[in-house]
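My structure is below; once you've seen it, I'll send some questions.
For reference, chains read A, B, C and D in written order, and residue numbers begin at 1 within each chain.
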Amino acid sequence: MENVLTAVPLVVFIPLAGMLINLFFGKYFGEFGVGFIGVTASGLAFVVAALLWAGLRDNNFEAVVVNPPLFDGWISIPSANLEIPWQFRVDTLSVTMMLVVSGVGTLIHLYAVGYMHGDPRFPRFFVYLNLFLVFMMTLVTGNNILMMFVGWEGVGLCSYLLIGFWFDKSRVFPDGVSEGWKNSNAARKAMIVNRIGDFGVLLAIFLTFWTFGTLDFYKPDEQPIGGHAEEAEEHALVIASTDEVIAEEEHDLSNMGFLNQAQVLLSDGEEHQVKFGSVDLSLKAIVTLITLLMLLGAAGKSAQIPLFVWLPDAMAGPTPVSALIHAATMVTAGVYMMVRANVLFHHAEVSSFIVTVIGATTAIMAGFIAVGQWDVKKVLAYSTVSQLGFMVAAVGLGAYAAAIFHLVTHAFFKALLFLASGSIIHGMEHGHHHSHDSHHAHHEEEFDPQDMRTMGGLRRKMPITYWTYVIGTFALAGIFPFAGFWSKDEILADSFRVFWDEGELKGIFALMLLITAAGFTAFYMWRQVSLVFYGEPRHEAGEHASESSLLMTLPLMILAVLSIFGGFLNTPSDLPLLTDLFGAHKFTDWLGHSVVNAHAGEFLWWLALGALGVAVFAIFAARQLYADETTSTVRITGDPLARNPQTSQAFALANAKLLWDEMYFKYLENPFNVASRFLADRVDWQFWHDFFHHNIVYLPFDQGAKGISGNVDKVVIDKGIMMVFARGPWEIARRVRRVQTGFVRIYALTILLGTVLVMIAILFPDIRDILGI
Amino acid sequence: MFPAPPTFEDLNVWAALPVIILSLWASVLLVADRFINNKFYVAAYSLLGVGISLVIALFQAGDLFDIGESGTAFEGMFMADQFTYVVNIVALISAAIGILISYEYLERTKLDRGEYYILLMFSAAGAMLMGSSNNLSMIFISLELLSIPLYILSGIRRPQEESEESAMKYFLLGAFSSSFLVYGIALVFGAAGSLDLGEIVVVAQTISEQEATQRYLLLIGAGLITVGLGFKVAAVPFHMWTPDVYQGAPTPVTAYMSSVAKVGGFAAFLRVLVTGLPIIAEGGDAAVWVDTLQILAALTLLLGNLVAIMQYDLKRLLAYSSIAHAGYILIALAAGGVPGVGDSAAQAALVYLAAYAFTNIGAFAVVAAIEKDDSTGTTMDDIKGLAVKRPWLAGAMSVFMFSLTGIPLTAGFIGKFWVFRAAMDAGLEPLAVLGVLTSAISAFYYVRVVWNMYFETGDAVVPERQQYLTSGLVITAAGTLILGLLPFILENLVRDASLAILR
Amino acid sequence: METTVELILFFIVGGVAIAAAAMMLMSENAVHSALFLIVNFACVAFLYLMLNAAFLAMVQVTVYAGAIMVLFMFVIMLLGAERLASDSIPRFPWLTRVAMGLTMVFLALAGYFIIESDISSTDPEPLKPMVQVVNTLPDFAGVDVYLNEELVAEDVGFRQTSEFVAMPTGEYTVAFKEHGEETAESVALLNAASLTLEDNQTVALILLPTDAGYAVLPLEKDLETVAHKYETNVQLVHAAPGYNAVELADITKPDLEPHLLVENLEFGQVSETVVLREGSHRFALYEAGALDKAIANAGDNPVKASSVDFLHRPGASNLKGNTTTVYIVTPPIQRTIPGQAPDLLHFTNDNRPAFGGPTSVGMKLYTTYMLPFQVIALLLLVAMVGAIVLTRDAVPPPKKRFERRLANTASTPIVGESSQD
Amino acid sequence: MLESSPVAIELYVLLSAVLFVMGTLGVLLRRNAILIFMSIELMLNSANLALVAFARQWNTIDGHLMVFFVITVAAAEVAVGLALIVAIYRTKKSISIDDLHKFEG
């Protein structure tokens, strides 16, 4: 099975193939064909990822670096001694990410087939989705930080393209802007904010290369120093090897990736100086700087303070995009990068502290804002920001395994919630059309299918959506035994450990903030469930809403199952029944083979019980508070929190998103916009869209083909390639079919022909060599 | 000078108990059938016999109690090992489900003859014997015992032309290809001087080590045996009968035939090639026939999957799909020729066969359920909107289609996983890649079936709900899902299945 | 290759077979085809005979040429299908050429490699030597016999014989010990210590007492001879030390002169094989020359078997056809009494059946090939059922005529009322 | 014991190959179902000849047993096949194999 691992380039190339096929021939295929190819590409990537998982298991969990055949010298500048091959890294961390990306991705692709049904740009949507997979896989499989950055930029591009996918929606909001403008504006916002983060990553890359002379995480024949490979004590709670052990060993730094170099250099307790021209800096300081720059990048991509503002707006994209890119996968790239560089963060105390503070603050801030939102997807968006804060805080606390664990479970239930919300929106729109058709008099008011105030009572209309939504809610709120309970608890327990055992203040700080954030989480989620599903419909659309098609509900059900059981991947060790059933710290052990500083969290039953209590109380409170609202069939005008004078201020603040947008507009976005307008003459959606889609994606292919020869284009592209990709199988099948005449004698002749062929093949092995079979 | 006649213990009769019980039961029932007017009881008794046999087979496979020793029985004719037991179980389950899904169909199409069930049982016995053959003569005879009842069953819907034609085609081509098999057996016998697989393997090794000239006989013999058995399992280019026969035969017969003939054929294939002729290679690395089988597997995968795309009739579609699935098992078979992979390849083939048997019978059973009494109503149009009219039927069909595609959490995935793993172990990566690609292609037409049931509207009339057929469907669907969710069931079952004598 | 009669025969018969097959292929009339096929089958049956497959030749003629072809004929006649209907258009004119080409390729491949594979260079597999032990030692209740320390016979009692054991060819040392003795010291090494076994050999090891102790007399038996079915082989072994030469005579008919079978056999000698008619026989053992003496004494009078002094006269023994019986002259059980007549011990072996004869086939059929034989029976059963299913229409369930008639009788209308029906 | 055969065994096998090929040709070229059938019998028969020749060569009786079984199987096949032909003749009034082509594609 070890040689399976060399198949890793397929996780990139299969979606690439799917994307190319749909790009060129999507218009010929119809929705079924396009969706089929998209789903298949994604599903095959998942199969490959699963095979990689099995292969890694057979390979003793030892990481393997694979060079794809054609790309070994991807960037090579001999004069600068710079050699950056495109190498794929297969280790437990990257395989985990691959599984999540392709697994959840496949489900979302499937969902999208139903969700995007009838959209005129259906093929293009799947082209973008597959392209996203290509880049996301590049990101997680890259063996050097530059390759990761290529993926990083690519997913940003896809995110941009997909947020603005509906750039031409003509519906006009009450405040006078069209929905299309809003969508493209959101896309632009995401692009700009991410640029800031990317700038940080780029600087971190430069610094890394300068300091360590390489960009590889690890060299191909190298295993992480420390961690499992070195000393595999039986489920030791802290697996990370001690600095002394590493320091005692002899290491040759010249042939090491930068992570191992850092591990060795930082462990030996000596002061190392790094020369930057005329300036000498201590290695520790450099590492701190690198990690801070990485944090900046992570803040951009993973939506942390202060760069989170793009994520709620990104909900303008189609819901599958929100689920895939802006909840489950792309936004976790920052967390992935930090966990990948855990060696650096482990030794950079200052950075870790800042990371913790930013993460925990983001968690509670976003949780607070989410309480005041009316848009069903916005609530989830802020919830995502909040949960990403949990993960980032976990990284800061040194709980790298817990961070990835929460990433995985979050991918399950957040994708579930987003998809379910998409199902709700779909149902509402359907209901709206229905009521529209029956009564022709409803033009006076613009209907927003995402506004929770117009919903209510969908529980009976959309039972599958309802149940899966409740499961997702419980998982997110951390109710025992749903997935979120276990992952969230591990982070909380770790923060307590950091405070209690290591006496660090960031521990108690994080603990307090995160528990409060968890309370907010449970509260706003149940608020949403109450407003959406309970009581009576408050709008005709709700009355006519109907359950979505199986294509959409099936992914929901699968994700619901994963949300229920996903937490058992990493059951703590001391639980009586569950540990026997699911084993202890399975996930941490697995991750420990690539994440040097992974350690299993202790299970603190009082803490778990406390967090559970907070969540249950919050749900109970939300239930009490919104019970009155749901019984009424009149559209809600204000939140109970807003009506209560004691909380009205807070609600207003939450509803206004703590005025972040305003601040940004004033201090950041506006100047940037002015500048870019100046640069690009007309910076509106058309330019951005045309420029990116037309010039970068479409024109090179089109013009390239045309450029070779005018007629070749028609003959080769339309006939030739069409033949190979689309018509080819049909054509072959049609010809083969014709042999199947129904005449026995022909059949017998075929048997004889086969016999002769078999005999030739078996008697003359040399012929086969010549034919190269 | 005459050797003493073998005693009961010498024959180790108990080791072959399931197949003995099954054939005796069928023989007795054949007489009893004359006196039973209500054919329901014949069906019930056959089911009982299959059930008893199945219970014993399960006991044997699970080592729950010791019936007979493992090893050979009947003077070396019968291999009593885990491989045999697993083949027995798969064949018997196929037979049981075959009986279940047949009864109502036969009743409503006025075909209810007691001989039907008896012939079905005999052919199951043939498949079981094929899996346990340790002698080329046994391979041939049990192949015929498997085939002849199937020829008859295909034509049982007399005087309907389709049924007769399919029986005739199956029969003529079957006899034609089995004469190739006999000639191949003769040549292998000529090279090795024995019909016993255990002795052949020794001679074959000597011959290949010494580069002796008898090698050529062995090679041609192996090639011709490949033709004979390749016909049975519908490997391209010996597949031409499959679509016509599958389409023409009564649907429950097709359901049963598609799984049991493959089970028997592949079991015999594994026995002959992997056990008997594993190392007729020049270099001594992989068997010579590995390349030939690779070519066959590749052809089978491509043709089956591609032509299936164009099919409109469900039975014909499933026929091409069953050709395609033969290709996947051929991958495992080819892998079995690589030294050291023999056992895991045999296990992979068994797992695939078990998964395939459940799924495929189920899929055909759905077709039988929607088929009208005049044997129309099996086209793509006839299942449009089935999800609305008969949600459970459509659900079951979806499960089968997903399993045939090889979607995770279904039995089909487990089978494909094992097969591809065996191919990887054997270093047949191109074949594995082709397998993955073609299964992606196959998803196209399988999903089209699901699409038609769920996303199209139609007004086809579907026959009444059929109680026993439904129970068969429940078993197959549950089996498909259970095997997919709990793959360790199959893993445990086949773990000890081993073929190689010399390795 | 020498040109022999058989070779010429082969070419003639083979040529006829091919010609018949070709005619079968080409004749327009199905009946003619069937007849040509029968000719072909007969030729093949003849070839079977040349290949020592006598039984199969008969089966071929009766089952194939007889039963099966008759069935064909029957169906052809039944359907009146000697010729295809003329209106059926011949399709695929190209098929002939393609088929011819392909079959020629096939034939060329198969033929070339059949010749290339050089089958005749492999020697026929020889039969392994067989060993049997006969105990004529009255001193022991039972003996264990070893060949090169391999136990070949265990607890063979006095006057008993062991089963045949197949041994590899080679040199052997024969040893034996009393059954039940534990130690190797008790194994008495014998004078005739060495024994050479060759392929195709069948040896009976006769343990016999000598003046000096014990000896082994290897008796090579020729079980291969195809005796006539109704004939039986008899052999005499002199294994009684201290006795003079003996002779053996058949005295089945007591009123006639004894029929001398073996004369003047010294101790340790083995006689030639004598062929007798099967059935009940009585033998008598005489001192060498006793019979001549008696005849001489009797002069012209007919010598009655009962009147000659014999050494030993066992009761009548029933000799079966195709067997070999060995008579062994052994010392009397009480060796201490001097002058007592020697005893006569005998054992019988079946002759090996002729290769290809019905016996050899049957023997395999009932031992090794038991299972296929049973399965074939099932197969025939299936074929029978199939023939019925495919040709006979389903029978409606038998009606209960008797009851109906009763019912009818009950309601049998009186004349005049029947118009109401 | 048996002497080695005066006629080389290859000759018998070659003859059997020739007969086998002729049988194959019959299956491919004749249209009468009964004749196709007879051709198949010819093929089986030629395989039998090879088996007997090899049995003679190896001096084992197993080949003969195989032949015995093949003959029996042939008998069984004939019974079923002829029944089928009769059945089809009743329906279609023809035993031309080219008349059977209801299925296509």
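Quick note on the criterion: a contact is a pair of C-beta atoms (placed from the backbone, for glycine too) under 8 Å apart; a residue touches a chain by one contact, two chains touch by 3 or more.
Keep in mind that what you see is a predicted model, and the values were worked out from it rather than measured.
A summary of chain positions shows that the Cα centroid lying nearest the centre of all protein Cα atoms is that of chain B. Between the interfaces B-D and C-D, more contacting C-beta pairs are found at C-D.
Each chain gets a centre from the mean of its Cα atoms; for chain B and chain D, those two points are 26 Å apart. Note on chain placement: the centre of chain C and the centre of chain D lie 29 Å apart, centres being C-alpha means. Here the CA centre of chain B is 41 Å from the CA centre of chain C. Centroid to centroid, with C-alpha atoms defining each point, chain A and chain C lie 81 Å apart. For chain B, residues that reach two or more other chains under the stated contact definition are 137, 141, 144, 148, 151-152, 155, 158, 167-169, 172, 176, 190, 193, 216, 219-220, 243-244, 310. Chain D has residues 13, 20, 23-24, 27-29, 31, 37, 48, 53-55, 57-58, 60, 62, 65, 69, 73, 76-77, 80, 84-85, 87, 97-98, 100, 102-103, 105 in contact with two or more other chains.
With touch defined as above, residues shared between interfaces to two or more other chains in chain C number as follows: 91, 95, 99, 103, 106, 109-110, 113-114, 118-119, 122, 125, 368-369, 372, 376, 379, 382-383, 386, 390. Viewed as a contact network, the protein chains are fully connected, with every chain touching every other. Of all the residues in chain B, the ones that touch chain D in their complex are 136-137, 140-141, 144, 148, 151-152, 155, 158-159, 161-162, 164-169, 171-172, 175-176, 179, 182-183, 185-187, 189-190, 193-196, 243-244, 247-248, 310-311, 316. Of all residues in chain B, only 1-3, 5-6, 11, 16, 23, 27, 30, 37, 74-78, 113, 115, 118-119, 122, 125, 129, 135, 137-138, 141-142, 144-145, 148-149, 151-152, 155-156, 158, 167, 190-191, 193, 213-217, 219-220 touch chain C in the complex they form. By the touch criterion given at the top, residues 168-169, 172-173, 176-177, 180, 216, 219-220, 222-224, 226-227, 230-231, 236-238, 240-241, 243-244, 282, 288-289, 291-292, 294-296, 302-303, 306-307, 309-310, 387, 407-408, 420-421, 424-425, 427, 429, 436, 440-441, 443-444, 447-448, 451, 454-455 of chain B touch chain A in their complex. Those residues of chain A that touch chain D in the shared complex are 737-738, 740-745, 748-749, 752. If you check the complex, the residues on chain C that touch chain A are 91-92, 95, 98-99, 102-103, 105-106, 109-110, 113.
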